[in-house]
Amino acid sequence: MSGIQSRNIPVALVFVCGLIVTVAFFIDVPMLSSISDSLQTWAVIVSGFALGLGIVNMLAIHSRHISRKTSGQWPFSVVFILFFLAQAAPGLVDIKTLSNPIYVWVYTNIFSPLAAAMYAILGFFIVSAAYRAMRARSLEAAFVLIAGIIVMLKNAPIGAVIWSGFPVLGTWILDVPSAAGNRAVFIGAGIGTILLGLRVLLGYERGYLGGR
Amino acid sequence: MMVDYLALWRAMLIIGVFSYALWKESPYFRFCEHAFLGSALGYTLVITIKTINTTAVFPLVSEAKIIYVIPIILGIVLFLRYSNSTKWISRWPIALIIGVGTALGMRGVLYAYIISQVKATATASFMTDNALTNFNNIISVLTTILVLLFFTFTVLKGEKEGSLMFQLRKISRLMIMLTLGAFFGSITMARLTLIAGQIKELLIAFGLLTS
Amino acid sequence: MEVRSKESSGFWEKLENIDHRILYWILIVAIAIPYLRPLGIPVPVTEPVQDFYNTLDALPPGSTMILEISSGPSAYGEIGPSSEAVMEYLTKIYPEHHGGDRLRFVILSVSEQGPLMYNAYAKPKFDETGWQYGVDYAYFGFISGLETAVARLAEDIPSLLPSDYLGNDIDDLKAMDGIHSYKDIAAVMVWDSMGATEWYVKHWASKGVKVGNVCVAVSLPAYTMYYKNKDMYGFIGSSRGGAEFEYLIGKPGDAVATTDTLSLSHLWVIILIITGNIGLLVEKYFSHSKR
């Protein structure tokens, strides 16, 4: 396919869609607002389809493992497919209300507890980090540690029992220097977002087009 | 005593996941990992179809809004990326999402990230009746300005070790470290609370705690 | 001196290389103990939680709120108990304060896992207190599009929500009467573990709508900043904020129990940080002595 169709039309589309939505925000022209509203609604709908891309990819990867009998992996890919079907099939049967008992059972007793546990396991690595990595090797590192410990003792009720000043100091750190630092970071990020957005709209950033 | 077998089943799943940290990677953990991924993907598929039904198919069918055919076709076109000969057209719906999303993102940050933050900094008064508020506002404004200075990655003419700008950047780094320290303290609470929730489930499942 | 340094650095070396699994098991014990023997340390109510409560209580009865559930099972441990406490307040205590009159809710999720949290924490409370679906509240399920969806909703709610989660036409839902855009919404509350509150601040608070949330602790520094800027009316941060809210409404429960566990677990993390740093000092001191 020629470069014009393959890459330049999408870049032009990005520019046109972005321009309409941006200008409609600043200038009140009914027809422009109407087109902008439609584009936003369409983008929401197309985003829904985009979720399906990840599903197709994952199914393809695990199907390949099963067909090639990848050593040490293929039995778990079978587990993956089985649980995928166990969750998806009953839900698709009753897509209107999503009250199929098997669908509800699987997400209550398999997906939900596993999701919660998968995120919770990160807590153990905070312990490792605290022991191995949180070392005051410089003045700056010491500042991080001291602020972190004070905020922790503000969050934990026992901090107030150890010293009544910890909650006061911890709240002060969050309300004053931390909030102010975040403000500056957000201002910088905002300027960066606008500049990057302009680069995307003007076609200088084309990473979203993917490979050839 | 009645045994809640479902609670025990859920406890076995939690132990399977935790076994990665508390013991080692094992077929037990990998089973739980792949069960999670499979059920998560199945759930995502169902929810995706439902949301497309709600936002696009329903207005098309029930309210005869023919124009909704366009986003539905664009959405289906996304899947043409899996063939080399049709990959080029799958970029068009991506372009729509990127164009609209970028414009909305820029609109959003204008208020939330820039105007609101600058307003909060500029309107901080140093002359209130409360001395602590005045002190806090001075620290706040100075911190914001210093941290902004730090993110100016241009080396100014005449800036060298010992110069005023150099010293100011050192102070601003310390203020950023305070911000990061507060962030670390908050993350610690977040992660430990998540583990606490799972420990509670295990205690309830094994009858050591009533819910 | 040499013998002492060998023994000492041997001890610290062993401590440095301790199997991390031992540390993890001690953490589990530190968390389990307060569940089995509650410490009962009081949790004072902080300003953001008090303001959150005051703002909701001051809303006129019959006002419509957006309840955005952008969280799921991955955050149940953190914001589940807090969300339950908020639902207790909204369904029972608010009506008690306002002669039996209620608020109305438009509930949706920009997170795919949101429907799970709705079914776990919101719907049971509505059912328990006799709230009528379609009249007092309406649920629209997952809406794709993330920030784009939130921005679009501010301008035209029916365009993205033509039918509810059960397939009912929006025009048939009494709860949606007169609801077209941000102008018809009194306040927004987000149950947030993915940063959706920021999208509401960008596209709703910028138009003057009150925005508050129940959030995970990771986002606390950022939301503290928005609260200080008066872009948010308040927030309930993690289980600690939930415990404060439970005390505020006079119904200590799960959040208080979970917050109790923070005491010993946080102390353990702090002990580890201090131990690690003592080891660092010892390493520096003995490496100087050897020279």
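Labels A, B and C are assigned to the chains in the order they are written; within every chain, residues are numbered from 1.
Here is the rule we go by: a residue touches a chain if its C-beta (ideal position, glycine included) is under 8 Å from a C-beta of that chain, and two chains touch if they have at least 3 such contacts.
Quick caveat, the model's predicted, so the values are computed rather than measured.
Annotation: A-B is the more contact-rich of the chain pairs A-B and A-C, by number of C-beta pairs in contact. Taking each chain's centre as the mean of its CA atoms, A is the chain most distant from chain C. Remark: chain B and chain C have CA centroids separated by 13 Å (rounded to whole angstrom).
For the pair chain A and chain B, the distance between C-alpha centroids works out to 5 Å.
One finds 17 Å separating the Cα centroids of chain A and chain C. Among all residues of chain B, those that touch two or more other chains are 21-22, 43-44, 48, 50-52, 55, 97, 100-101, 104-105, 107, 109, 112, 117, 120, 179, 182-183, 186-189, 192, 194-195, 197-198. Residue positions of chain C with contacts to 2 or more other chains are 24, 27, 75-77, 112, 115, 143-144, 148, 151, 160, 165, 167, 217, 220-221, 225, 228-229, 240, 262, 265-266, 269. Residue positions of chain A touching 2 or more other chains, listed in rising order: 40-41, 43-45, 47-48, 50-51, 98, 107, 111, 113, 115-116, 118-120, 123-124, 126, 130, 134, 145, 148-149, 152, 155-156, 174-175, 178-179, 182-183, 186. The touching residues of chain B, counted against chain C in their complex, run 21-23, 43-44, 47-48, 50-52, 54-55, 58-59, 62-63, 97, 100-101, 104-105, 107-109, 111-112, 116-117, 119-120, 179, 182-183, 186-190, 192-200, 203, 208-209. Within the complex, the chain C residues that touch chain B are 21, 24-25, 27-28, 31-32, 35-36, 75-78, 80, 112, 115, 140-144, 147-148, 151, 160-165, 167, 169, 198-199, 201-203, 205-206, 216-221, 225-226, 228-231, 238-240, 257-258, 261-262, 265-266, 269. Interface residues of chain C facing chain A in the complex, by the touch rule stated above, are 20, 23-24, 27, 39, 41-44, 46, 72-77, 112-113, 115-116, 120, 143-146, 148-149, 151-152, 155-156, 159-160, 165-167, 217, 220-222, 224-225, 228-229, 240, 259-260, 262-270, 272-273, 275-277, 280. Of all residues in chain A, only 37, 40-41, 43-45, 47-48, 50-51, 96-98, 107, 111-113, 115-116, 118-120, 123-124, 126-128, 130-132, 134-137, 145, 148-149, 152-153, 155-161, 167, 171, 174-175, 178-179, 182-183, 186 touch chain C in the complex they form. Interface of chain A with chain B (complex): residues 1, 5-7, 9-11, 13-22, 25, 38-56, 58-59, 76-77, 79-89, 91-92, 95, 98, 103, 106-107, 109-111, 113-126, 130, 134, 139-141, 143-152, 154-156, 170, 172-191, 193-194, 197-198, 200-201, 208-210.
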